[in-house]
Amino acid sequence: MELVPNNTLICASPEDGRRLALGLAMQTSFAIQPDDHVQKIIRDAYMNNPDGLIAAGHVVAIEFATIAAANNYWR
Amino acid sequence: MELVPNNTLICASPEDGRRLALGLAMQTSFAIQPDDHVQKIIRDAYMNNPDGLIAAGHVVAIEFATIAAANNYWR
Amino acid sequence: MELVPNNTLICASPEDGRRLALGLAMQTSFAIQPDDHVQKIIRDAYMNNPDGLIAAGHVVAIEFATIAAANNYWR
Amino acid sequence: MELVPNNTLICASPEDGRRLALGLAMQTSFAIQPDDHVQKIIRDAYMNNPDGLIAAGHVVAIEFATIAAANNYWR
Amino acid sequence: MELVPNNTLICASPEDGRRLALGLAMQTSFAIQPDDHVQKIIRDAYMNNPDGLIAAGHVVAIEFATIAAANNYWR
Amino acid sequence: MELVPNNTLICASPEDGRRLALGLAMQTSFAIQPDDHVQKIIRDAYMNNPDGLIAAGHVVAIEFATIAAANNYWR
């Protein structure tokens, strides 16, 4: 299983960095729980749950902080 | 879907940075759960829930830390 | 609505930085949920709730980290 | 109310930094909810609650990260 | 018990860094609760629990931030 | 009560840094709630609770980030 797409944190723009952050955040839960069926149940559960959505957004924010630093904030 | 408005973290002032942080935090949950109807239910739920409001404020604080660093803290 | 008082992260001392951190943390929830009546219900709820108080303190700690870095830690 | 003892983040050693971190974390909740009686109820509640203790320790860890950076990690 | 595989944070690529982050996050809970039987019960519980999966992903994100900084983001 | 063993964040290796992070995370809860009997009840409670274990691991990850930075990541 590939955990980091293209095996790099470097990307062209903040928009691409944000997509990578979403990808990393999602990929971790697949790495911990690879069963497709369980993943689907879990995804449905938190997608309709405000606390789960905010918690997922929290993880995306942390991944994005790392990616933004790696790219020197695309200054 | 655009994840980062104007595709940049650079902005003119802390006030603008704060608005960007609010936008990024909100945008993530749209990216994860794009269904408008579910978004509305979720937004209503956490807007009247102190824990949800604080949790959302937490994510904004993290996004803002990244944006502030990107802008060298508007020193 | 003003999100960052005086539109700057620079302040004279750690004490002032701490007050700014408290202000930023509070201001975010007003920005997300501007209804005064709902704000009051929410504020009462979490002020008497240890988990809410700690969660609010957590957000203040993150805002303060950003402000302290912006001020080069008042060294 | 004094939020930062002696109005400085600079301190002599990691041990002193840790005490400051504990102080900052506690002081925030007094600043948010200054009523002594409510503070006592809240303090009792989370002191006997593992989740509350870990959550408080989490805030101390974040405050300490800021203080340690301010002191260049006492290297 | 070994807490950091090979006793280094330096690794060849983001992919390896991500695996190390997963390993560190898992290893901590073994260090706190080394009983195999309890570990299994706990692992089963959170693997089927969306909140637990997101919380674990959150810890992985923080470990990864440290590892990425240690490796100068594999720039 | 000693909060930081040997009163330093500097240590020889990532392995030692990890042990220090575990120690700091545990020590905070003793500092907040020093009663041995309550500590035992609390420790038992979260050791058998997946959410508590992940939350404790989260704090260890943050303490470790500080220690790793203090040691320039043992590069």
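Going by the order they are written in, the chains are A, B, C, D, E and F; count residues from 1 in each one.
Criterion: contacts are C-beta pairs under 8 Å (C-beta built on N, C-alpha and C of every residue); 3 or more make two chains touch, one makes a residue touch a chain.
The structure displayed is predicted, hence computed values, not measured ones.
Taken together, chain C and chain F share the touching chains D.
Taking shared numbers over all numbers used, the chain B to chain C interface scores under half, which places it in the different class.
Separation between the centroids of chain A and chain F, computed from CA atoms only, is 27 Å.
We define each chain's centre as the mean of its Cα atoms; on that basis chain B and chain F are separated by 31 Å. For the pair chain A and chain B, the distance between C-alpha centroids works out to 16 Å. Multi-chain contact residues, meaning those touching two or more other chains, occur in chain A at positions 49, 51, 55-56, 58, 62, 65, 69. Arrangement of the chains shown, judged by which pairs touch: one closed cycle in which each chain has exactly two touching partners.
A single ring links the chains, and its order as traced from chain C towards chain D is C, D, F, E, A, B.
Here chain A touches chain B in the complex through residues 13-15, 17-19, 22, 47-51, 53-58, 60-62, 64-65, 68-69, 73-75, going by the rule given at the top. Of all the residues in chain E, the ones that touch chain F in their complex are 2-4, 7-10, 24-25, 28-29, 31-33, 38, 41-43, 45-46, 49, 51-52, 55-56, 58-59, 62-63, 65-66, 69-70.
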